[in-house]
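Note that subunit A is present in both complexes that follow, paired respectively with subunit B and with subunit C.
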Partner chain A sequence: MHSFGYRANALITLGVTVLALMCAMASLSDNLNSPTPSAQVQVLNVNWFQKQRNGNEEVSLTLNISADLQSMFTWNTKQVFVFLAAEYETPKNSLNQVSLWDGIIPSKEHAKFLIHTTNKYRFIDQGSNLQGKEFNLTLHWHVMPKTGKMFADKIVMTGYRLPEEYR
Partner chain B sequence: MGWIGETMDSIKSLQIRQVLTQAVSLGMIVTSALIIWKALMCITGSESPVVVVLSGSMEPGFKRGDILFLHMSKDPIRAGEIVVFNVDGREIPIVHRVIKVHERQDTGEVDVLTKGDNNYGDDRLLYAHGQLWLQRHHIMGRAVGFLPYVGWVTIIMTEKPIIKILIEREPLQIARVLSVDVETFRADCNIMSS
Partner chain C sequence: MDWQGQKLAEQLMQILLLAFAVVSFGTGYVLGSFQMMMLIYAGGVVLTTLVTVPNWPFFNRHPLKWLDPSEAEKHPKPQQQQAVSSKKKPAKK
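This part shows the complex of A and B:
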């Protein structure tokens, strides 16, 4: 009853249970945080707008992405994954979401940023529906905790429009 | 002859009850672990509710040895979600993030493209030959929560007999192993080998 095996077993079981409880509490503490993020995106330039040989249209944009996500960080936050998606509707597809840029914010100090970039991932449509298309740019973020539940949210910015003609 | 008879008598009388008790206890542990596992499958709606991260293609978010909790709901798949999917012809599922979604007006069916956070390019290299998109039926669940480091126990247990070597930045692969710790009367409900 008092052998090493039994004692080690009791100790490890208690340790794991306490650890699990602490992780759960840490995750719950994230709910106390009420974040106030802000973001703004400018499309500085439409670099080119072409139709590929397979019939799909592609556009290249230069963007200014600025955001302040510092209020998302709690003591239980490991990183915030942020990405910008162009969202639009076409006759064939009720929703198209194309990620244009993403980044990882490792700490609170990096959470307020201004990025000047061309789109990291290619903006290609399924078909040729992009001429004159109105689209939203939505900044999504996924908060990845040190332990526990991940949560995500977004800011939708409307009012962007692609040119009517190829260039 | 007398000696054999004596030995048999002693074995039968003293030890059989203990042996039976141990066998029944063992059976109870295995069964309760299985019950917990199946209940988790029902609650989360996913075939494998808990998985272990095997590669570094989602770093720094998920490192090798972390555990992911999965959940599958009927909600539509949207960009940014971390999904677990099976590619035809590959036995081990992959956990990456959705970067492109195209959803049909009429049927609601969806074309999805994924990419590992730490990979340079998207997952088209990993899909089956000629496959450009994933569909809903490829996807087994979404990652909704995680625990760091806990999966190392399972990795150590499963990788000794496995000969193939995982190269850095291979797609995130998940081993499914159920580890039942019979000595110490606990069931780690992690992963089940299929």
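This part shows the complex of A and C:
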């Protein structure tokens, strides 16, 4: 501590170490928050349902997505990434996940929403197993913190069924 | 900066930084504002830098009092001579 340089060095070293500790504590404080999100998705309409030339089936859906994700936001949350996936089982794959819609929620004020949309990404099966197929719509989310650990979870909504006939 | 000043500077630095860390974390958590935490801590680091890094006069209140050179010559250090002679003997052998 005898010279300007040594004092500046000691101060910066301790300062950054303490800053890292504060960030670690901020990340740990996220564990005190137990979110209670809710989501509902309605399939309003099957716009069309057909087989592509290569034999894969494709569906177009109109969806009503409503969710309340406000409880996920803490002081250490930068943003939340959500996506809605159609999940179903086929003989070839025990789990098929097709992302239909996604979004980035930048703040708590935008975390309660109702969206009326057609599927943002194409719902194409790997093969043709979709006729009369029962599927789940799952809302996945990743909570991205300002510092520290990222959290991910999902809500599974069951009981959706595709029509038997092409349209 | 004298010995007492160095000790004071180090202790001041550690106490100030930790105090600002505790205050900023508490304020940020209560207000729910990460940015507020960072601003308060940044302010604290700047303040601590200004207090402890420059060589302020209050770090120099206990200067070392050296003996005059003439006074030192009258009392030569006996230990030094012994050390020199003991080193020379094994070298000759």
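The rule is simple: the second predicted complex is superposed on the first by the 162 of 167 C-alpha atoms of A that agree within 3 Å, B and C clash if a C-alpha of one lies under 4 Å from a C-alpha of the other, contacts with A are read in each partner's own complex, and residues count from 1 in each chain.
FYI, a residue touches a chain if its C-beta (ideal position, glycine included) is under 8 Å from a C-beta of that chain, and two chains touch if they have at least 3 such contacts.
Here the structure is a predicted model, which means the values were calculated and not measured.
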item: Side-by-side fit of subunit B and subunit C on subunit A, or clash; value: fit
item: First (subunit B), second (subunit C), both or neither touched by A:98; value: first
item: Which partner reaches more residues of subunit A (counting touched residues only), subunit B or subunit C; value: B
item: Contacts of A:110 with subunit B and subunit C, given as first, second, both or neither; value: neither
item: Partner chain in contact with A:29 - subunit B first, subunit C second, else both or neither; value: second
item: Contacts of A:146 with subunit B and subunit C, given as first, second, both or neither; value: both
item: Where subunit B and subunit C come nearest after superposition, their Cα distance in Å; value: 12
item: Set of subunit A residues, in rising order, touched by both subunit B and subunit C; value: 146
item: Contact footprint of subunit B on subunit A as seen in their complex; value: 5, 9, 12-13, 23, 27, 78-79, 81, 83, 85, 91-99, 102, 104, 106, 121, 126, 140, 142, 144-150, 152
item: Contacting residues of subunit A [partner subunit C, same complex]; value: 1-2, 4, 7-8, 10-11, 14-15, 18-19, 21-22, 25-26, 29, 74-76, 146
item: Complex contact set, residues of subunit C against subunit A; value: 1, 6-7, 9-10, 13-14, 17-18, 21, 24-25, 28-29, 31-34, 37, 41, 45, 48-49, 52-55
item: Sites on subunit B touched by subunit A in the complex; value: 60-61, 76, 78-82, 97, 99-105, 108, 111, 117, 122, 143-148, 183-186
